[in-house]
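Dropping the structures in below, format is structure tokens.
Here subunit A shows up in two complexes: once beside subunit B, once beside subunit C.
The block that comes next holds the complex of A and B.
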């Protein structure tokens, strides 16, 4: 069973991974975006860590809803509302129970990812975070062992964005010139899924 | 890259503190990142709120004041502001007549302003929203995020601001803002890449002797790269791109806009070429504005925006304005 502490570990793991890879994310973003993805997410997850230390909700759903609201209020850009919505919608789907099963989390995350797709109007193959998130939630199963499979699926999904032409977001302005670059959003999504696998380890 | 900053993390807050010191006629809330007319809310007047990433100064904060914006919400450099800022701004400028959000068409700006609309409506503010999408360098199709908002933002904010100042109701101010956007087209050119404080190195590599055509204002590369051209050739290319998309049926406002690092000497020389090519193509010019207004940090280059105006829009353009960056009349 996964309790509020597990979700706090997941989010602090997100902060650590984003911190470690911030320069790389910004580097990817400067090729096809505007060179701020790393610093924006660093600021966002630092704010999440701070608010979770101050308030300690004792239900998984409440932890994710608070974290999502904090991302929306601190990140800006497209990634703030999109990641904020991912966490808020997932948290909402988990309800106010004190513990959830991996299967319940998988189902809630699928709803969260669907909400991201709806908000951003994107679909798989558009060279966005969905190209990592959708394979990840598809790989999630009934046990925490599946978190590692989700991590691998997300990483492969992020790598698979390299030959794609962007159809959404700032990279889409480049047209064919967006081909040949890994999508920063899919890359940070893979980090967030990797953090999930770390939180269980 | 040498920059006149302390540390990258505080550039926006530092600039807001400096703005507060220079402009006592504005209320600058450094903590919540708001620039508001000191006399807001003005009784009987629709509020105009815009915002966007920092790095485009004087847009938007430099356009706050009588005859233009009621409030501006600066985000981090090249990052849209967060919904809390716009919701707070809307509450601060709402006199009961409602508030118009002026939003440049970028995925982040649109998402954050949409969330702000929900927050502000929950607080009982009547809201309308207008998207600015004038950049013809982007193909508006299902396969892009749609055209970017660039130079036309200045025209929309000035003209809608004059309408609001004159007491027009929300629906009318919104309709005018929409008309200005629909009548405007822009195209931009970069002679150098942009360096953000956070990254410290240029966001794209532009070799000496080349220029980038169809750039945006966030350091995103353009659609095409060519060997360096003369001012005359650039003017022909840029004006042609704008006119191919929309051939004005009447006189136009012309904005010859610098991207930040191109000297006014060059911009005025470029304007001479723009005016020449417009005359050759039979386009009548009603008014011209030359300067750095919708910038991209330290990028060298320029953009041209044409906005077709009727008598009403021209009268609103000529109406008095008193902001940090644009002031005339009175």
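The block that comes next holds the complex of A and C.
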């Protein structure tokens, strides 16, 4: 069973991984975006860490709702509302129970990813976060062992964005020139899924 | 919508200067003098380029007179931030609406219509119709 502490570990792992990879994310974003993805997410997850220390919600759903709200208000770029929506919708789907099963988390995350797709209007193959998130949630099963499979699927998904042409966001203005670059959003999504696998380790 | 006040207009841009200048332009073209309340929510709180949910929320509260608030946005994170704030339910005043309109032309149409006493539907329609204004 996964309790509120598990979700706090997940989010603090997110902060650590984003911190460690911030420079790389910004480098990817300077090729096809506006070169702020790493620093935006660093600020966002630092704010999440701070708010979770200040308030300590005791249900998984409440932890994710609070974290999502914090991302929306602190990131400053499109990744704020997108990741914020992912966490908030997932948290909402988990309800206010004290513990959830991996299967319940998988189902809730699928709803979260669907909400991201709806908000951004993107679909698989558009060279976005979804290209990492969709394979990741598809790989999630009934056990925490599946978190590692989700991590691998997200990493593969992020790598697979290299030959894609962007159809959403700032990168889409580049047209064919967006081909040949790994999508920063898919890359940070893979980090967030990797953090999930770290939280069970 | 309830209330006797005018519809409030919020202009959200990635840039503080763009939001403020478009607000000034729209007020000026609405005939100067007394216009419907307009608030700019541009950039991040520290003056950088980006979108701030805090500035948007504050701007919406400042122009809310009970007749609804029309929010016009430029692009990318401005659109997504307002959409996600609306999805939260309680972040923005009741009767706040994201208007699908070109930023500058829509802002002028919205402020003119709101200043003439148009309700939220009229303001939304006027701003959206600005998409149809061809320049050649």
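Just so it is clear, the second predicted complex is superposed on the first by the 201 of 201 C-alpha atoms of A that agree within 3 Å, B and C clash if a C-alpha of one lies under 4 Å from a C-alpha of the other, contacts with A are read in each partner's own complex, and residues count from 1 in each chain.
In this text, a contact is a pair of C-beta atoms (placed from the backbone, for glycine too) under 8 Å apart; a residue touches a chain by one contact, two chains touch by 3 or more.
Since this is a predicted model, take the numbers as computed values, not measurements.
Undergrad: Have a look at where A:9 lands relative to subunit B and subunit C in the superposition and call it first, second, both or neither.
TA: It touches nothing on subunit B or subunit C.
Undergrad: Looking at the overlay, what does A:92 touch: subunit B (first), subunit C (second), both, or neither?
TA: neither
Undergrad: Going by the contact rule set out at the top, does A:120 touch subunit B (first), subunit C (second), both, or neither?
TA: It touches subunit B and subunit C both.
Undergrad: Which holds for A:82: it touches subunit B only (first), subunit C only (second), both, or neither?
TA: The answer is both, since A:82 touches subunit B and subunit C.
Undergrad: Who touches more of subunit A, subunit B or subunit C?
TA: Touching more of subunit A: B.
Undergrad: Under the contact rule defined above, give the subunit A residues that sit at the interface with subunit B and also at the interface with subunit C.
TA: 34, 36, 40, 72-73, 76-82, 119-120, 169-170
Undergrad: Give the list of subunit A residues in touch with subunit C in this complex.
TA: The contact residues of subunit A facing subunit C are 34, 36, 40, 69, 72-73, 76-82, 84-85, 88, 119-120, 169-170.
Undergrad: What part of subunit C is in contact with subunit A in the complex they form?
TA: Checking each residue of subunit C against subunit A gives 44, 48-54, 76-77, 80-81, 83-85, 87-88.
Undergrad: Which residues of subunit A touch subunit B in their complex?
TA: 26, 30-36, 39-40, 43, 72-82, 119-120, 165, 167-170, 172-175, 177
Undergrad: Please give the residue numbers of subunit B that touch subunit A in the complex, ascending.
TA: Residues in contact with subunit A: 8, 53, 75-84, 106-108, 111-112, 115, 137-139, 142-145, 148, 196, 198-199, 203-204, 216, 218-221, 223.
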